[in-house]
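Several structures are given next for inspection.
In the two assemblies presented below, chain A is common to both, partnered first by chain B and then by chain C.
After this line comes the complex of A and B, so read on.
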């Protein structure tokens, strides 16, 4: 199992205040390798290139909407295995269902309690099966 | 009793600066009232800003900001769905909410 320092997380969020809190939460868990993008069009190419352990994805991104991004990730052999947690202000059951059906592993509704999201991320990364981990590439 | 809240003091001042900047952007968007009335970029900007601060406000511990921004976002969504007419009363209501929001971040 990787320790936290060896995880890379891709944060896809266009609100700088939320990006800052994600970075803070990840840093609290010892995760230093955090990439960010505010544009939906960039998510899949970044994921293909950098193979993060986890993606935190907002559903309302400029460029391409989050469900479209999720579909793109889950229909590509290079990215389908990367787990995605949706963090969104969209709170209807239909939107949650749509995202989960598209392959998200969790759905966190904004506003959220930071500690709760931190625990969810930590628990998820702790339980990642090392056999299914994407290649770490050269970020050690 | 629930879990203790996470100590966000390290990033709180930055958030307050973000919030003040966003409130300024809200004021600027509302000042372009004809664009808000006609569904132009200023209306989209107001919706985006209120949506973002609704999400971030309570996350950073500013519940009142989230309540105000939720009300603002609801108004803008109603304008977009033609369930509300963009009249003077709506303009004043949005202005009052932005003013209340500014007070939240004065301290």
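After this line comes the complex of A and C, so read on.
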């Protein structure tokens, strides 16, 4: 188990207010290394370069839709191991199924319970296999 | 519709105003027919439209708040648990928090995130910004949640019960106290005896049609 302070989380969300909410929730879990992007096109390159422990992904991003981003992440050897939690207002069964089939580990529907999301994030990070976690300098 | 005036803040001068009923129709919370039925029940004014929409069984308070959040493009929460700490109470005084019916949540960089019922209430947001010295990011939640959280945050006090007169207090029911509102130099003040608002001078005629009169 790795100390929360050593985790890096990539937040992919185009609403600045929601980004700050994620930042606060992550800080409450002791995670201060938070990267953000508002553009779907940037997610996979950022994930490859910075190897976050976890990605929070909105499905409705400009540039590339969330399922497309997930497919890109999960078909690349450098990023397929990074867990992705979908946090989105989309909530049809088909959309949830699509996201989970594409490799998301969880799907949180907005409006979510902030405390519950914080606990879920912490649980996922606590349960990460230490050998699969990247170092700050990059995963090899 | 009897008239077009609503104290629902318009944002900037010249921008189209947002009447709550029209907003709820626009975002799909109610149908145009339900809006008109509720408006008829409310004797043609939008002042009690939310209460009537709920009483007639057309929607719920939660759906109305969610609709406001969608329209205002701000996050909506059913619970604020996890979004505040004991330090949050240092951001805004208890007195101001109760008076403006807002909950200070957290500050990141130069932005304070605040929970409130009406994120389109530019006067409250302006007052908070001037008071705190920070930019204000609103999130929406139900009024009952606002009061519950204020009580948790500040420890509660005897007079802190949620007023029982209405299940929801929407923008048109809000009284903006003149002493707390800023930017008064560019506004006029209208009142109907119980509600007082700063409005653009161009809106005065509509306000008068709805029973308001200019007081300043």
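In this text, the second predicted complex is superposed on the first by the 136 of 140 C-alpha atoms of A that agree within 3 Å, B and C clash if a C-alpha of one lies under 4 Å from a C-alpha of the other, contacts with A are read in each partner's own complex, and residues count from 1 in each chain.
The criterion applied here is as follows: contacts are C-beta pairs under 8 Å (C-beta built on N, C-alpha and C of every residue); 3 or more make two chains touch, one makes a residue touch a chain.
Every value quoted in this text rests on a predicted model; they were computed, and no experiment measured them.
Annotation: superposed three-chain arrangement on chain A; chain B versus chain C shows a clash.
Judged by the touch definition given at the top, the superposed model places A:118 against both chain B and chain C. Once the two complexes are overlaid on the shared chain, A:60 sits against chain B while remaining clear of chain C. Superposing the two complexes on chain A places one region of chain C into the space of chain B, and among 19-27, 37-45 or 181-189 that region is 19-27.
Annotation: chain A residues 15-18, 20-21, 24-25, 28, 110-111, 113-116, 118 touch chain B in one complex and chain C in the other.
Chain contact summary for the complex, chain C toward chain A: residues 66, 69, 73-83, 85, 105-106, 108, 111, 113, 137-139.
Only residues 15-18, 20-21, 23-25, 28, 110-111, 113-118 of chain A touch chain C when the two sit together in their complex.
Touching chain B in their complex are the following residues of chain A: 14-18, 20-21, 24-25, 28, 60, 89, 110-116, 118.
Note for the complex: chain B touches chain A at residues 3-6, 8, 10-11, 14-15, 18-19, 51-60, 66.
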